[in-house]
Amino acid sequence: MHASAREDAPRAVVSLRGIRRRFGRVTAVDGIDLDIREGEFFALLGPSGCGKTTLLRIIAGLERPDAGRIFIDGADMTTTAPNHRPVNMVFQSYALFPHMTVAENVAYGLRLEGLARAVIAERVREALALVRLEGLEDRRPDALSGGQRQRVALARALVKRPRVLLLDEPLSALDARLREEMRLELSALQMRLGLTFVLVTHDQDEALSMADRIAVMRNGRIEQLDEPEGLYERPRNRFVAEFIGKINFFDSILEEVDEEGLRVVLPGVGPLSLPVRCLVTERKAADLALGDALTLAIRPEKIRISRAGDHADADSDLFGGQDKADVRLTGRIAEWAYYGGISHMIVEATLPQSGEVRRISVVFQNAAKETVEAFDIGDAVVLSWPASAMIVLTS
Amino acid sequence: MESWRRHPLVFWAMGLPGIFWLIVFFLVPLGFVWLMSFGEKRGIVDIAITGTLENYLRAFDPVYLGILFKTVRISLIVTLLCIVIGYPVAYVIAFSPPKVRTWLLLAIMLPFWINMLIRTYALIAVFRTRGYVNFTLEWLYGLLRLDALFGPFQPLPMLYNEFAVIFGIVYVFLPFAVLPMYAAIERLDRSLLEAAADLGASRFHTFLTITLPLTRSGIASAVLLVFIPALGSFLIPELLGGPNAYMIGNVIAAQFKKANDWPFGAALSFLLMYATFAILAVRPLLVRRAAKGEGAR
Amino acid sequence: MKGVLLMKRRRDKGGGPVLAPGRAVWLKGLVALTILVLHAPIVVMMVFSFNNSRRNVVWRGFTTKYYEQAFNDPALLEALINSLTIAVISTFLSLIIGALAALMLWRFRFPGKGAFEGAMALPLVVPDICMGVAMMVFFASIGWPSHLPWPLSLSNIIAAHVAFSFPFVAVVVRARLAHFNREWEEAARDLGASEWRILMDILLPFLKPALIAGALLAFTLSLDDFVVTFFTSGPETVTLPVKIYSMVRFSVTPKVNAASTILILLTVVATLIATRLQRPEETARAEMAAQGGGQG
């Protein structure tokens, strides 16, 4: 369904139609249609076991689908062996040949093409320069650091000048700092080469920061295919909303709806008016019926936190006087994780009408030292946010 | 690990039985043989240790040199056959689905638990003039009416020659060859093979440039595990080979059991042991080179 | 119609990892043939031990008379009893000596350790024939008494069997010890266990599979040994393999098949018992308690 909607989009390098693959009783990939566009950085994101790696291996030709077709550059390659496909892969474990030097590893694929010695040498040099590994040609993989191995794997795949570069969790074996560095480098490399990258990852930050488009997968299906900002701000369902970033959910009941907006009742809080743009699912306002159960959600960083008692000027302060704080809850800080740049709190808030206690996730910038020092666990606080900052998910 | 000085009592309690047994019932007996190899026979039972090298020099007598040469030749052929047959078998087992793999491994290893003597005996029944192979051949011969063309059936002489010895040693030691090669292939990181395919290598090319070079250490182990026992074969050539296919082990045994020339047997025995040690000494080199690999060339 | 055919064709090929086992038929054929060649002679030999014919080639009906003959042959029976006695005693000694040596090598640093390890590896690599003649020379030279009463008359063979078995036990036990996590020991000590309790509660249960495997190895090595026994034993003491050897030299008869089958069955029974013992869970724990009593 995602594919058909984008028929007129830029030319697809890889097209998948009805791809299905089962392992015994487990369906790893359950009927996927997908078009990957020329020159984009595409990410397959999902929890482990969602089928993303299987899908990547099917594109590479390392796994044959039980049903469906794969087109690369318009040619049907469903049954083409991996060694005859114009795609190359960076393996999760890098899969560097331990008995070959760096240069031999990178040259391996070219040698198989039967190129002249001088041409191979030149292209190997270029590829190693591209990943900034000059001078390590004669090392063996076991004498390299994790980051260097990763670059060799990258060079080895890139040197083949593939139509699509496939990356299977390429950063998962690196430590946090190096991962950050490689993220920027991969993005820069992709832009410089203008090559199509397909990245498989379970790390939402990785996908959000690098990819042009992301397919969020679950149980062998694509839950949502969108740009990073779209996934975060307009998740189509609870799974996507929860998988990408943190979020707070509230059950509510629809009371009134028109083309301007909707009016819902938040049990325990009261009635709330929302603009129609908060409705991010596929269902249109017109499809909704009064009395429908809706899920409202708010991202933790969109919640304003202030000390109980001094919230008088909160509205103008935070929302520039544009939006009012439609929701206002009082509570106590129950947990507090300090991350340096930001703080993440769990506030036990009491719903004003019912007295029910809800745990609400709040994130705030540690912009000034004082703000951090102002709060302590157990402090009474006020949470507030404008209704327009919430999103509506149909259940 | 701690120094033995910290708990000398525990140390000796643990170590003494082993040290004692090893010295008294292994090293000392070998020492006796070693001394005897420098001795001379005086009469039927008397042996004087004179320090002579005569026994070692006799080993280079053309008769014995021929047998030494034959022993090495047979061992080399056997080793080659075990690798050539064993590698594909190990390969198929390593790449089988786990359930099948267990059964195949069991099938290969089962004979390993069966007495070598019995397995050799079982071969005699198959190979002898009135054994199953010749019986089957005769039946086929009669069926095809070949007797009209070539006269009555002549049983194939399958026993008491080098063929029987080579077949017998391969038969007995093949499981030894399969196991280390299986272990090496099984250990092989599958993603390396996928990477090779991804980079454009065909199955055959992947095998030549990746699988084979990376499983060399397994092959090296298999070579040693077959070649060394093959060199020291005694029972198999004794039962299947007969005088035509005697190997060095049979000559040694004959010196002790029949010829009653213990000093000469002792010298031959030590020559065989030296050869074994020499091969073992090469092993680290073999394995290290295998580990480093040269497949990229 | 074409669509159906297409579907069918693809189903035949099936999905799957593309680099899965060589679909090459010749490879599988080779494996099948190898397994057949390895097993056929033994199976044929066992089947023909029930053949009602002395000629041993053509099937002439089922009989157990060769087993009756075998069990009524006092020499064969004596050889069988000798073999079992030797195997049981040498297994027991090898297990203790080998396990202790392994523990010592694992736990202690001491001068000459390398030399000791090298010497322990010797029985594993020295050709049988060399070891056999060494035993022959040794026992003859020191004048080991040859006319001892029954169990003692086996002592030289037992000594030789222990000499080549215990290093195997040590290898198996050491391999397992290499996987011992020292933190378990430290955790036990942290929780208040004494050295003795650590040995009994942590180390021995951990080593149990290796001890069983080592015992099985020692038992079958002893039961199967022909070459060393052949040279060590005097004319009066005969083991089953040595007896079978002399029968084989004489002639190929169903009685030899029967004796061989009995020897194979003994090995199979020992292996089955060992695998049963190695099985974890409650049964094994109960068995271990019984066994621990026997070993302690």
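For the reader, a short list of remarks on this structure follows.
Per-chain residue numbering starts at 1, and chain names A, B and C are given in the order in which the chains are listed.
Keep in mind that, in the parts below, a contact is a pair of C-beta atoms (placed from the backbone, for glycine too) under 8 Å apart; a residue touches a chain by one contact, two chains touch by 3 or more.
Quick caveat: nothing in here was measured; it's all calculated off a predicted structure.
Here the largest set of C-beta contact pairs joins the chains B-C.
Of all chains, the one whose Cα centroid sits at the greatest distance from that of chain C is A. The distance from the centre of chain B to the centre of chain C, with each centre set as the mean of the Cα atoms, comes to 18 Å.
Rounded to whole angstrom, the centroid-to-centroid distance between chain A and chain C, based on C-alpha atoms, equals 57 Å.
One inter-chain figure worth recording: chain A and chain B are separated by 59 Å, centre to centre, where each centre is the mean of the chain's CA atoms.
Along chain C, residues 18-19 each make contact with two or more other chains. The multi-chain contact residues of chain B, meaning those touching 2 or more other chains, are 194, 197. In chain A, the residues that reach two or more other chains under the touch definition are 61-62, 81-82. Per the touch definition, chain A reaches chain B in the complex via residues 60-62, 81-84, 87-89, 91-93, 95-101, 104, 108-109, 112-113, 156-157, 160.
Residues 189, 191-192, 194-202, 205, 209-210, 213-214, 292-296 of chain B are the ones touching chain A in the complex. Across the complex, chain B meets chain C through its residues 1-4, 7, 10-11, 13-15, 17-19, 21-22, 25-30, 32-33, 36, 85, 88-89, 91-93, 95-97, 104, 107-108, 110-111, 113-119, 121-126, 128, 130-132, 135, 171, 174-175, 190, 193-194, 197, 203, 228-229, 231-232, 234-235, 239, 249, 252-253, 256-257, 262, 265-266, 269-270, 272-273, 276-277, 280.
On chain C, the positions that touch chain B within their shared complex are 18-22, 27-28, 30-31, 34-35, 37-42, 44-45, 48, 55-58, 96-98, 100-101, 103-104, 106-110, 116, 119-120, 122-123, 125-138, 141, 159-160, 162-164, 166-167, 170, 220, 223-224, 226-227, 231, 241, 244-245, 248-249, 252, 256-257, 260, 263-264, 267-268, 271.
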